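Letters A, B and C name the chains as they come in the text, with residue numbers starting at 1 for each one.
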Amino acid sequence: MKFGKLTRQLCLTVVAVFVVAACGSTSGGGSASCSESAVKTATSAAGCGGMSALEAAAKAEGKLNVIALPRDWANYGAVLDSFASKYGIAITSDNPDGSSQDEVNAVQQLGTTSRAPDVLDVGMAVALANLNLFAPYKVATWSDILDSQKEPTGLWFQDYGGFMSVGYDSSKVPTITNFDDLLGSQFKGKVALNGNPKQANAALNGVMMANLAEGGSLDDISKGVDFFHRLKQAGNFVPVQATTATVKNGTTPVVFDWDYLSAAHGTDVPAWKVFVPNNAILGGYYAQAINKNAPHPAAARLWEEYLYSDAGQNLWLAGLARPVRQAAMEKSGTIDKAAAAKLPPVNGTPKFLSPDQATAAKNYVVAHWDAAIS
Amino acid sequence: MTIAGSPAVATRVGRPLLGGRRFSLDWIGAVPFLVYVAIFLLLPSAIVAIGAFFNADGSFTTENYLHLSRSYVVKATIDTMSLSAITAIAGAALGALLSYAIVTGAPNGLLRRVVVSASGVLAQFGGVTLAFAFIASIGPAGFVYLWAVHFFDYYAHGIWLFALPGLALVYLYFQIPLMVLVFLPALDGIKPQWREAAESLGGNTWHYWRYVAGPILFPAFLGATLLLFANAFSAYATAQALINQGQPVLSQQIAGALSSEVGAVEPGFAKAIAIEMIVIVTLVTVGYSLLQRRAARWL
Amino acid sequence: MAVARRGVHRSRWIKLQIFRYVVLALAAVFFLVPLIAMFEFSTRANAGGRTLEYWKSIFAYPDLVNFNLGPAPDAAIDASLELALITSLVMLVLLVPTMVWVRLKLRRLSRIIEFICLLPLTIPAIVLVVGLFPMYIWLGTNFSDSILTLALAYVVLVLPYCYRALDAGLGAIDVKTLSEAARGLGASWFSVMWRIIVPNISNAILNATLLSVALVLGEFTIANNLLYNNLQVELVHLGRANAGVSIAVAVAALVFAFILLVILTFVGGRPRGTQPEAVTDLAGPLAASQA
């Protein structure tokens, strides 16, 4: 009799456990662990059984392919190292000097092979033109990103940005207070753009910044191209590719570049200063995307989660880039205050190029740049 | 026992078919090479040539080839050809002189080994670091300029280092070593007995070079010059580092059309330019082989 | 007459030496000054003065040097050295017999071969890579996507240089007579190639190998665009740390390749002075045919 009662209670308990487990698994929308097929279509960590399941799946994959992430770009070196050591995932970093278009080319050409890039960090023009290559994903901190800085279904989402600036070695040229100072004779043979505006995003924005500083508008880049024409006539503009070596060596003591890239020269040149014209605060953000055919889909998603966690965002901040969650982190107090204090000061409202404006600028530059600077 | 002219030697190696004309199976010897080259060279080239007929979205078009008449492409073609020709001829001449200076020394000596190894390394040296080597030495912030400016400001009329003349000078840095490496074996074949024979017949240095060594070396010299031309013609990274604006060199136009991230990407056009480059070098090669044949008669 | 000739010889010898030293001195200046500039820059400290910190940091980079040579190299230098070896071997095996055969039997083909061997140089690497991608995808999915498969593309890249060097060497010896003589004495084609022709063009083979090794060690574009990390790509990674390292690493790569090539010249190559004897060195095949 006693035995029977005990058995009944045991059975009830066992049944109850099964019912709870069944309920739990059906409400989760999938298995409790992140299976290979589930992770490929997971649009958030929840769709893969939660963060810890995603982590486990990523560790099981053990590898991550990234492309075009130079170590000195917005402190990516530290980001790559800390992700690799935190999760024990080996990162293969390819084509360090590649452009955003090179990233997309690699994704298309390597298709479904195991060496294809898992994640991309691209300029907005390239992101918008290649939506068919991306997999939608919303990171855990999705709500902290402004609507204007992300694609609604998660195909792309902006990651970090900065303002276009003129970086210069104050020991070789006088302090720049006014943008037109650059046309002066003390800058003869010293001013360079970071790249070719027909090819590189940073260079096109450099010309647009000059355009705004000379009184032009976002819709018409002609004043910027004309400025560089005058710079060339004065003998101040040099067409050589500006690298950290040419800056340190003194061949290109003045470089138009994103402020976070420019600030990196400060490690080589103690007297390096960054100048952003008050009337021409041109901002630009890059965007993250996950390859639809990523060979390591769990690791790719974990990488995105890491980048948008406080730790990842603060590492970019340490590289003097402005992380996209900066405003939210300042409000919640999780921002690295010391790093934020080092950001180059900006006085005024920043402007951003819309996709149409960027296309119009590109068309004008492609037609007129070579003639202007020859 | 004679060797040359013996009837046993004069027969060809091809196996004769039964009762008919000899069908030569000699071409089999070239098959491995041709197959390898077909797979890894001709096939990629064909992919590129055909790819130029398609748009980015996959539709057929001849526009890419028509776009080759754009004015900046024509200008780049002319500039690249003249740059390549000048650096090829100058590189060949200077390289030949340097080769001769080495070959007349000890054949197993340290000088020859060092120069040949250095040539091997420098012939492949290029790109951003080569450009920087020149920037750091003769550039506007380089120590040579900073010293020379006291006497003579060689950048008074503009910094020519960041323009085609400077690029030509930098190209010579790898053209001359390349010439040394490919021409040295030809110079090795010159036997000292020929010089003595020429002298014993009453010839002087000029006669020796004009009638003996010159004609023998000319084919190799011309072939090496052609190689230098093609080498300079397709060089990319060095030009990109020194002249990052304006894309004066054809290969820069190609790179721009392939990797532009502001939306100016035109992969079909890039392939069309590449085919244009192949056509140009083919024409130059044809000219070269005609010249070889003519020269063999004149010299 | 002999005395007069000796006098002529002496003055000619002096003129030759003057010519040699002037040319070598000018060449030394032209080639060494930029290298010295690079080295000076790589030891320049930011606060002024000299420093070796950039050079030291090269050796602390794990992905660069591991000396773990084998079929699956994980460090860049190992991969590049193995690639250099494979490429040189395949190139020699492919080119030397073909070129000799063409000279002997297929003269009409020689212009075509010459043109084919010039073709890789006319297509810029950035475009060649676009055409190579489909091949490499197929290779990767069906055989192996190891970095060593780059050797297949590298053999094509070195063809122009090696063809030219080997052609110059083959042109300097009388291939037809040598091979006919050897064949007449009963040597097989393999013997002709290996024991007659190759020793006579050893300098040309050495030069072709040097060119091939140097090219593979210096190749960047194809490896980079096919997303492999060979030596040059790894150097770019490393050079992004700061300006001093980027130049120090470039100079180190040059010195490394230079030392490697100097060692190679001791392995191969035959003193030029013995060449006239080689024409009559048929004792070997003669003995073999009578054995």
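Here is the rule we go by: a residue touches a chain if its C-beta (ideal position, glycine included) is under 8 Å from a C-beta of that chain, and two chains touch if they have at least 3 such contacts.
All values reported here derive from a predicted model rather than from experimental measurement.
Shared contacts of subunit A and subunit B, meaning chains that touch the two of them, come down to C.
The interface with the largest number of contacting C-beta pairs joins chains B-C.
Look at the CA centroids: the one farthest from the centroid of subunit C belongs to A. Our note on geometry: subunit A versus subunit C, Cα centroid distance of 41 Å, whole angstroms. The distance from the centre of subunit B to the centre of subunit C, with each centre set as the mean of the Cα atoms, comes to 15 Å. In subunit A, 98, 102, 243, 245, 249 are the positions where the chain touches two or more neighbouring chains simultaneously. Under the contact definition stated at the top, the residues of subunit C that touch 2 or more other chains are 41, 130, 246-247. Among the residues of subunit B, those touching two or more other chains are numbered 132, 136, 142, 255, 258. Remark: subunit C residues 5, 8, 12, 16, 19-20, 23-24, 27, 30-31, 33-38, 40-41, 94-95, 97-98, 101-102, 105-106, 109, 111, 113-116, 118-128, 130-132, 134-135, 152-153, 155-156, 159-161, 164-169, 171-173, 177, 180-181, 183-185, 201, 203-204, 207, 210-211, 213-215, 217-221, 246-247, 250, 254, 257-258, 261-262, 264-266, 269, 271-273, 275-276, 282 touch subunit B in the complex. Looking at the complex, you find that subunit B touches subunit C at residues 3-4, 6, 8-9, 13, 24, 26-27, 29-30, 32-33, 36-37, 39-48, 51, 97-98, 100-105, 107-108, 111, 113-114, 116-118, 120-127, 129-130, 132-134, 136-138, 142-144, 173, 176-178, 181-186, 188-191, 193, 199, 205, 219-220, 223-224, 226-227, 230-231, 233-234, 236-237, 251, 254-255, 258, 267, 270-271, 274, 277-278, 280-282, 285, 289. By the touch criterion stated above, subunit C contacts subunit A in their complex at residues 41, 44, 46-47, 130, 133, 137, 140-141, 145, 224-225, 227-229, 233, 236-237, 240-244, 246-247. Residue ranges of subunit A in contact with subunit B, taken from their complex: 98-102, 105, 122-123, 125-126, 129, 189, 193, 195-201, 204, 235, 238-241, 243, 245-246, 249-251, 358-359, 362, 365-366, 369-370, 373-374. By the touch criterion stated above, subunit A contacts subunit C in their complex at residues 65, 67, 70-73, 77, 92-98, 102, 106, 109-111, 113-115, 117, 243-245, 247-249, 267-270.
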